[in-house]
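Presented below are the structures under discussion, each in the form of structure tokens.
After this come two complexes, each holding subunit A, first together with subunit B and then together with subunit C.
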Partner chain A sequence: MSAVAVEVRPPLWRRLIGFNALTAVVFGIGGYYLGWFIGHHINGASVAYLGVGGIDQNDLSVFLGYFLGVAGFLIGMGFGVYPWARLRGYPPSLREKEQQGVGRYFGLCTDHKVVGIQYLCGIGLFFFIGGLNAMLIRVELLSPARQVFPAGQYLTLVGMHGTMMMGIMSSAILGPFANYFVPLMIGARRMAFPRIESLTFWLLMAGGAILTTTIFFGGFPTGWTGYQPLNDQANTGMDSYIVFFALVGISMCLLGLNMIATIVTMRAPGLTWSRLPIFCWGVLSTAVLQLLAAPVLIAVLGMAMLDRTAQTTFFIPSGGGSPYLYQNLFWVFGHPEVYILALPGFAIVLELLPVFARKPLWGYRLAVAGMLGVTLLSWLVWQHHLFMSGINSNLRPFYMLSTELISIPTGFTFLCGLMTLWRGQIRFTVPMLFCLAWFFNFLIGGLSGVFLSDVPSDVTTHGSFFSMAHFHYTIMGGLVFTFFAAIYYWIPKMTGFQLNERLGKIHFWVMFIAFNSTFAPLFAAGFLGQARRDVTYPAHLQFINDWVSISAFVLGASMLVFLYNFVHSLLFARIKAPVNPWSSLSIEWQLPSPVPVHNFDQIPVFTSDPYGYGEPSRPSALPAASPAGGSS
Partner chain B sequence: MAPPAVTPASPSVAHGKRFLIAWIVLSAIATPLVAIFLGPAIPPGNDSVQASEQVFSNTVMVSISTPVCVFVLLFLLYVFASFRSRGSALVDGPPIRGDARIQLIWMVVTSATVLFLAGFGTYELLKSGSGGGQGPNAAFQPAGYKRALDVQVIGQQWEFTYRYPTYGGVEVPHLVLPADTLIRLHVTSLDAIHSFWAYQLGVKADANPGVDNIVYVETKGPLQFDIHCAELCGLWHGYMFDTGHVVGASTFAAWIKRQQSYFEPVMRYLPPYATNYLPDPSRRAG
Partner chain C sequence: MSRTGAKILGVATGVAVAGILIGFYIAGYLVGNTPAFRPTVQGSSASPTVHLTIETVAAVGPTLAPHPDWVSYLVRNNSGRWERSTVFTLPAHATIRVTIYNFDGASGLRNPLFGRPTGLVGPELVDGKPLVVMPPDQPSHTFAVPALGVLVPLAPVADNAKNTCGYAPCLLSMAHRTMTFVFRTGKKGHYRWQCFVPCAAGFMYGFGGPMQTIGYMDGFLNVV
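On to the complex of A and B.
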């Protein structure tokens, strides 16, 4: 469509001036110091008067610094340009910075495929930082009593690991893969709100950077849950946590909104709800959870911020507040959040199994019902996190029931996945291996969840390494494994180059074995009395912990195998991938790789779902050269 | 590109029947083994009535999990062995899009299992509180709760102390409980949220500031047990542990008498016994 015009490009220094990531960082730092300065003028005197630690305790200036820093960052990125142009009466437009070249990856770009790749790299960066924290935690736990890190630093590591993973990985599938592939799968040329799409990514990056700065403010001691009143006691490092999570909340909320609007309104002709790829259903249910849960998080963090700066007492018992309020609000967000992490995993597994088992998805409607059922039930279970807290204990049987009910729709996903494999022609490719590992991991995660949902069994396991092992099996085993499945599956389409299969298999087997060797023993450690987030543990558990630590280091090393494969294959080897290496019937694989900027020359018309493997009337594949037409 | 070959719709081997028989046989072998050998070995052990009940709950859970686990793992192994694509040519499987009968059976079986588990858990919970913190006014109390011995557990950063209202509200730094007695622990906190975890007794209850979180435990014979804070409560959370004792009735009587006389000089500086304490607002950190 777009004629490739040869233009004379200005020199590099000239191209660096303008709205891009470099300007954004400069404006962000400038904004931080402006806010810091204002905060000290407002609050400096009263802080000095109260004598609670002087300048370091001026939360107001830190918050203002972060807020103006984020504002400066977004302005520098160019998010102000379009609203300003509209204010001055310029006509509306949909697209920005959709030119070719590397520069578009470092700024506001409204091409959903660029945003997808931005997300993949950005999330990868913070995933590695979070993973590095986990390695340091395991270094500390090599010995029951001897300290590598001071107690406060250890808690900061634990908190940063949890918060980083929970916050950033909430968008692990939706950010890179849904942004990239949902418009392709539904036959659209863009997302519903392309600028918001870019905004969600840059908010997440700003948030990740802010959480990392907590180490300059002394860290925070609360873990990822940020429970009150410890939250209120903590020093200014806590502010980084609050601003980070609030930014993640805004990002998630907008991402969900964008996904819902796109899937509901922008489907191509013929793509009825019962023909929608199951991946889009998974994205839609996750998006509903994101849109509705994230505002609760933003609100509760806003209240925590007011408690810390404006001397309100929402959560301070001596001022009439209640720590229970925080716990309730946090988990009203927090439990749907767990499914925000798990549901995309279901979606990837169910989307990929038909391709590699060469069979239609078994029980499409049941699979959709399973996802929607999880979406609904995830709102009704949050107080199982408070089984031991003494709040309204008469409701515990209800939460026990509702929690266990979730295993019914989750069971639908298992049934549909397993029956898709039944009598198929299974090909054990790298993405398929990661999907199959999901069954094993989520089975263990789900069954251990039954122990936690039962109050008598929960007494010992609550707050112990058992629950920690449980949610690592569901989130790392459920989300991270499918995240890698999606990478190995879709990278040939996203970049046009193929990843090394041999290294991929080495990555899989090392990761799968090390993952189980790391987290399975932790069920035992929890049952034997090791509490979470403890810098010490009983001496007789040292063998288990050393075993776990060494396994964790191997797990970390498997990520390096992946990183080497990724960088080497895409930047150095650059072996062209076939247009449709997996012989998939899904529409994105019928387009050339990489996908042209406007996706489709002509909006396709759908006549069936993309799972017609083995069916005589299966839609013929599109000719790779002309990205036109549909499956008709 | 020619469309790939398709495997025939009806298989030559009755895979379904073969798998189901294998599953039933394996489950019938594995489940009793798990119930008899693994279940009772799951902590927290049998050092209190509540701990024993938890062991029983764990046994039931792990026994019910066994057939589920066997089903999925055996299914995967069967599928890997029987349905892997052989040769390099692309072959499609049979286009089966679902089976209403299987879906219905699956729904009925999973729902029945879940409802049984919830019912069983509720029954076990209401019988004796099962050692979990149940707050100040739970609707269900264990039998004989009126005669229970009150002991208060006060969490603060970063230690637990214990008050005995029955013995004049004496406050001691280490927990000692009489054997073969129903104890009512009132767990509260002075600052952040802690969680009182007496591992061998099978007790866990969060200590919230301003809240009287009641938990019942019925002790058995003399015992030394580990106490640990199980909710992240700040810098020295990892060091908030202690050892408690369950002792015979006469030893306990002698011990509490000694404590009363030992702490007598400081008793008048203690606030009067209350089921919960709120910290002085002027000491609120921020």
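On to the complex of A and C.
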């Protein structure tokens, strides 16, 4: 009789003790209060500290609380374990908690696929909170004179919505999908820096939690830009904004660095630059922007923090500083940020169109040139945000021209997409519908952008709902639609189960119609004089605003259809997805679903790009590269 | 319990927890909301009369988070307590008799024309005396309803006054000035009213903050 090794699973209480999300939250709260007490010790007790009432007005204590809270959160998550082990002489290791069960999704895990799914759920959570804020904004705007929320809270609602969406959604494609699929697409077994990959996710979650606490500190009145001098004058709720965006900046910076290092150094044999999937090119372009733009954001927020705590005067005119400096530095980050949001959308569309049009990607090199061109030019346009801020008028023509110039590389990708569709055998699947919607939405967004880049028309459209409608067409129409395209496309590979196609189409049509019904009328509202970030508006605009509010509620309801589909399909219906349901030639679809921890038994050797659909010399049934032992 | 039952229970728990969290989240925004103030209407329905009693304070004080140091108007509600609301529901074609107690010091006008009371039925009385025009360096605040043509400058508390009020609620035993005036509301509609004196201490040029925030120095007359 031979002995059989049986793995004994420890009881639940034992599994909860250790480095995981629960410990991280406890350490995070402990760290916060430690920093809070230190801050009060340094700066003196405030009204809130004495328990008299009101909110804490001690910025230093709030900042220190957040910093030590984040440090405690990361230590509780286990990010200190490996450095400490190395200091004690333990050998290096690139893998951590990759084989554990459901618990690996609630802690530090170096499996890029786990991080991808963590990102999808985490971003989904904050996307929901941001969307909830949008619904509350529209409730408030149902009437120009009846106030649903207390004085000043409308600005916090707007700021929370904008900041949450711009910050969290910066990683909407790179977080879940690039982390999951880039290593697969390039034939690698992991990311270049697996722990940093996990760190980027948990930093983002810590940031999101911190931003939601702004309500307890009185909110912030600045919108997502955090402009000075309001920034310096605002409540301690502004500190939540500063710490949130700084954490987002660090997360973006590290995410970009990791992506660049992975794509540049870890491609499998045969995967030349001209064979690299277009999605990876989009990720690379975005990563470059993230790596270079995010440090400017971190720096400018650091300066704002010092103004609020250490009595520096970087942005305070009475001390020799300039609020205008903040505007410039913010938009040096802020406009590349717009393309950090838009470029992954381009990449998703161009990656998916050949699959559903059954045609090779038209103009592969032109598409790559387009994305790289956008990456380069996006650094040269930021002052179009300041046309109305009193900049030197001699600068205006240059920035007007450079802004209009960026439509050329953007047009390259648009053209490549359209030409890929031309005479294709189009399958109108749910992911394809979302991609097709991108063409319509982004066209409206792009054309309306011309009015904002031209100085004469910007004079009237700046700061109005016209501008708001424009960037929702580009960001929501460009990014969020492709985000859903990616979800419907890749979920079968990520989970092994397929989403309900009929519910997916209902989701699409309701979302597409409601989206346009929400934002198209806002162009008119903007032209008629409705200002952004204003709780009220002229009475004659109430009909437009009521229409928009109702459309927005329908748009919100479409997200519930998706949520129902997601939960029902993955938890209850659980219909096994075929290994390659879309008949894609891309390598990730040749692997089992879900993909095993080690990805490949042997590193594949690439011989072509993954877009050879319908080419006589290369039947589409054959994969572009064979992962040895990987097919099933 | 079956596997499906456990899943249903898990999802139901998740939905319940999410619902509670969403409720808390929305409640977090709603805390401190002061609904529109509807004063008692006197007289006949053909010629209604309303008495509004308002005070202007240099700061709302620590009990009125999140902006304890903001300048604000407060209105005396029907039970005699001061509340921070600047949205008033008033009847159409009514006579509004207003008393404003000002506890704040002088800020000064940008436009000297705002020193002359306009749009009133009869004169503005400052401490019981009719006012023709107030010197531009004196007004502490204004009560202005542009769509009704109403503009009323508020006289300041002297800089050297004793027993001044630091923050709300301010008692009538403290140093203050009293303005009384009458205006008519006209037809139904939403009429914005606000202070035109740049009185937001700590904000650039005195604008921003309380000056642009409904509930502080800005509000609506909902005429119904």
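The definition used in the following text is that the second predicted complex is superposed on the first by the 600 of 632 C-alpha atoms of A that agree within 3 Å, B and C clash if a C-alpha of one lies under 4 Å from a C-alpha of the other, contacts with A are read in each partner's own complex, and residues count from 1 in each chain.
One rule holds for everything that comes next: contacts are C-beta pairs under 8 Å (C-beta built on N, C-alpha and C of every residue); 3 or more make two chains touch, one makes a residue touch a chain.
For clarity, every value in this text was computed on a predicted model and none was experimentally measured.
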>> Looking at the superposed three-chain arrangement on subunit A, would you call subunit B and subunit C a clash or a fit?
In response: clash
>> By the touch definition at the top of the document, which applies to A:Ile215: first (subunit B), second (subunit C), both, or neither?
In response: second
>> Quick check for you: in the superposed arrangement, does A:Leu421 touch first (subunit B), second (subunit C), both or neither?
In response: first
>> By the touch definition at the top of the document, which applies to A:Gln233: first (subunit B), second (subunit C), both, or neither?
In response: both
> After superposition on the shared chain, which partner residues are touched by A:Thr460: those of subunit B (first), subunit C (second), both, or neither?
Replying inline: first
>> By the touch definition at the top of the document, which applies to A:Phe149: first (subunit B), second (subunit C), both, or neither?
In response: second
> Thinking of the overlay built on chain A, is A:Val535 touched by subunit B (first), by subunit C (second), by both, or by neither?
Replying inline: both
> Does subunit B (first) or subunit C (second) touch A:Ile129, or do both, or does neither?
Replying inline: second
>> On the A-aligned overlay, A:Glu588 touches which partner chain: subunit B = first, subunit C = second, or both, or neither?
In response: neither
> subunit A residues in contact: does subunit B have more, or subunit C?
Replying inline: B
>> Let me check the overlay on chain A: which residues of subunit A are in contact with subunit B and also with subunit C?
In response: 52, 151-152, 221, 229-230, 233, 317, 535-536
> Hey, which residues of subunit C end up touching subunit A in the complex?
Replying inline: 4, 7, 11, 22, 25-26, 28-34, 36, 62-68, 84, 86-87, 189-190, 192, 202-204, 208-209, 213-216, 220, 222
>> Using the touch definition from the top, list the residues of subunit A that touch subunit C in their complex.
In response: 47, 52-55, 129, 132, 136, 144-153, 156-157, 212, 215-219, 221, 229-230, 233, 235, 237, 317, 535-536, 539, 567, 571-572
> Which residues, counting only subunit A, touch subunit B once they are in their complex?
Replying inline: 52, 151-152, 154-155, 221-223, 225, 227-230, 232-233, 307-308, 311, 316-319, 322-324, 357-366, 386-394, 396-397, 400-401, 404-405, 407-408, 411-412, 414-415, 418-419, 421-428, 436, 439-440, 443, 447, 450-451, 453-460, 462-464, 527-529, 531-536, 538, 583, 612-615, 618, 621
>> Looking at the complex, which residues from subunit B come into contact with subunit A?
In response: 1, 3-4, 6-7, 11, 15, 42-44, 50, 53-54, 57-58, 61, 64-65, 68-69, 72-73, 75-76, 79-80, 83-85, 90-99, 102-103, 106-107, 110-111, 114-115, 117-118, 120-122, 124-126, 130-136, 138-140, 187, 191-193, 195, 197, 199, 202-206, 208-214, 226, 228-239, 241, 278-281, 284-286
